[in-house]
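First chain written, first letter: the chains are A, B and C, and each begins at residue 1.
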Amino acid sequence: MSYRRLLPAALALALALPAGAAELTGTLKKVKESGTITLGHRESSIPFSYYDDQQHVIGYSQEFMLHAVDAVKKDLKLAKLDVKLLPVTSQNRIPLVENGTVDLECGSTTNNLERQKQVDFSTTIFVIGTRLLVRKDSGIKDFPDLAGKNVVTTAGTTSERLLRKYNEEHKLGMKIISAKDHGESFLTLETGRAAAFMMDDALLYGELAKAKRPGDWVVVGKPMSREAYGCMLRKGDAPFKKVVDAAITRLMTSGEAAKIYAKWFQHPVPPKGLNLNFPLSDDMKALFAHPNDKALD
Amino acid sequence: MNYHWNWGVFLARTPSGESTYLGWLLQGLWWTVALSLAAWALALLLGTIFGVLRTVPGRWLPGLGAAYVELFRNVPLLVQLFSWYFVMPELLPRAWGDAIKQLDPMLQQFLAAWLCLGTFTAARVAEQVRAGIGSLPRGQRAAGLALGLTLPQTYRHVLLPMSFRIIVPPLTSEFLNVFKNSAVASTIGLIELSRQSQQLVDYTAQPYEAFIAVTLLYLLVNVVVMGGMRWVESRSRVPGFIGSK
Amino acid sequence: MYDFDWSSIPGALPILASGALITLKITATAIVVGILWGTLLAVARMSGRSWLAWPAAAYVNLFRSVPLVMVILWFYLIVPQLLRRGLDIPASYDIRMASGLVAFALFESAYYSEIIRAGIQSVSKGQVSAALALGMTGGQAMRLVVLPQAFRNMVPLLLTQAIILFQDTSLVYVIGLADFFGSAYKVGDRDGRLVELLLFAGFLYFLACFGASVLVRRLQRRVAA
């Protein structure tokens, strides 16, 4: 009983003390006090964020995230920072950041105005176009060719919403399948259930590289949207965002980011040595020259 | 960080505008009920067949019945569902597989979930049928045969009617299980009740209301089914047998 | 015909093994907690005191009416947030494993409690009367006379329930926890070899569960004998 009565008193005391980290708020304060930071990552988003065979999280976004964590550690002058990795999915990533489970998520998450109502985004780490993966001999060249066809996309992504809206606005009569993960989407395409797979082009190149016969597949279509991937952090946490943004900007202006790009998009990547052969787009060149945190929609 | 209760959220329009969130819930309920009833019908049919097979004389037919039950009882429902959805169309002759894959996606998901739940539950029904037949006095079979009925006739007119009336209570619990197991269909994308709860969380950011509403709907289904089965049970009870009053 | 490519599996064995460990952890926890908590629930329901019996019955019926998938989601998406608000717990803790363990333990308790209740009822009333006549209290009669016999009768059913539970743990897939099924699925998703990994996982589940149910049946025969 006395324990319970003591606890609030102790808390009040702790809060009243003029600690050295008095100016810290939000995530930085939490990280400083707990000595840990929780990072959200994807499990199979090749090559952005995924597990290799030793269950290490690797990928393009993961490297950006780890650099940001280094910057946080330096900023807080911590000798040791425990990094907790928490796998997230398209469906749960936003709630997990919002409710404080995850401090920072760098994977393949689009920064858009709607999501900005729920979370904040760091400086953009990647720019994609939403396009279509189809069988080479399917005759599908662009979105209008999808009329009346089964089209698959991954649930909870911006592509899903875009595609539904497009279908209704243009009365195309597409049947839209929402698969749970990109791999499931591709399986739906590969097994002939869907004629096309709409998704971010970089991810489509990733899926294409995994195909049993990569030569059968091709990415087509004028991008329905261009989207900026950013790292998600809790809304309204400006000091934390500043540290993360600075770290990402530094990578881009120093030329380090271009090397990370080449490593993940133009060389073989684990676990099976696939090469995505995805050339650096003009959007990406512009981003590396002028890092920013703008949503593109 | 106080939670803002908003039960009015169910009357709000969904983003696509053609329905309210309540409409989504009811649609989810409809799919849950339709899937469960269809799967139950399949389960009763297959379950009776394989249950009977396990009790007929000989070696091969009972073996077949046993193999069916073991296969479907020893693989997790989730694995079975993914297999019906992703693997089965690949193993069929190409033309059939392609025909299935050109169906409306919702229909494909329904078909896979129906076959999965039906065959899975059939294994459990088969066990009950076998137990029911086994619980009858041996004399019943002998009497049927002695009256000049063939073996199929003995099953049709003597053994099955009796054993079904005995196994109503365990079948009730299997019937309830079908409704509960149907939630697994959410994993292949069928927008049934439990998938709607997650969708409502995504779209409305009112998780408590969504979860409470869906849980209450499952309870409601449960109460209705239990009430219905109790009625069946009271009508079908065999005087003088176990469980009769 | 689909052309199968099993090459992802050998490299992924360490991932699959750590997934299997999680499956076993959840199963074991749910069995132990389920039997303990389930026994208390069963005894409470049969205690004849309505303030004990009523809540226990409500608990059991509630959990038995709701799909396991929903229970897992409740304990992942809803309950932790409630606890956090109520107890002011820091939010950085990876709750999936804890959520899964709690959800399974509480859910299975309801099912175990029903098995145990039936087991207790299978012990003839004369035994209780005899124990009471010997001067035992109701609690002593339950603990020393009824439960030991009830458990002996129940062992095969409890084990069969454990096999079902072992299969059901695959449902933690819905909260993204990498149990054996979850890790197989994730490897398949990552490598574009879902079909192969699903079949492989299904085959191993079958071997494990079929083996276990053969053993249970053998035990059943010995108990019955």
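Convention: contacts are C-beta pairs under 8 Å (C-beta built on N, C-alpha and C of every residue); 3 or more make two chains touch, one makes a residue touch a chain.
The model shown is predicted, which means the values in this text are computed figures rather than measured ones.
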- Message: Suppose chain centres are the mean of their C-alpha atoms. Which chain sits farthest from chain A?
- Response: B
- Query: Is the number of contacting C-beta pairs greater for B-C or for A-B?
  - Reply: B-C
- Cα centre of chain A to Cα centre of chain C, whole Å, reads 35
- Query: Where the CA atoms of chain B average out and where those of chain C average out, how many Å apart are those spots?
  - Reply: 21
- Note on the structure: When centres are defined as mean Cα positions, the distance from chain A to chain B in whole Å is 39
- Check each residue of chain C and list the ones that touch at least two other chains. 2, 77, 81, 194-195
- Sites on chain A at which at least two other chains make contact: 95, 187, 191
- Shared interface positions of chain B, touching two or more other chains: 86, 90, 187, 198, 201, 207
- Which part of chain A faces chain B closely enough to touch in the complex? 91, 95, 118, 150, 155-156, 161, 164, 168, 175-180, 187, 191-194
- Item | Sites on chain A touched by chain C in the complex | 30, 34, 36-38, 43-44, 46, 50-51, 53-55, 84, 86-89, 92, 95, 99-101, 103, 181-184, 186-187, 190-191, 207, 210-212, 271-272
- Query: Which positions of chain B touch chain C when the two form their complex?
  - Reply: 1, 3, 70-71, 73-80, 82-83, 86-87, 90-91, 94, 176, 179-184, 186-187, 194, 197-198, 201, 207-208, 211, 214-215, 218-219, 222-223
- Query: Mind pulling up the chain C residues that touch chain B in the complex?
  - Reply: 1-2, 62, 64-70, 73-74, 77-78, 81, 85, 163, 167-168, 170-171, 173-174, 181, 185, 194-195, 198-199, 201-202, 205-206, 209-210, 213
- Task: Please name which positions on chain B make contact with chain A in the complex.
- Result: 15-16, 86, 89-90, 97-98, 101-102, 104-106, 108, 187, 189, 198, 201-202, 205, 207
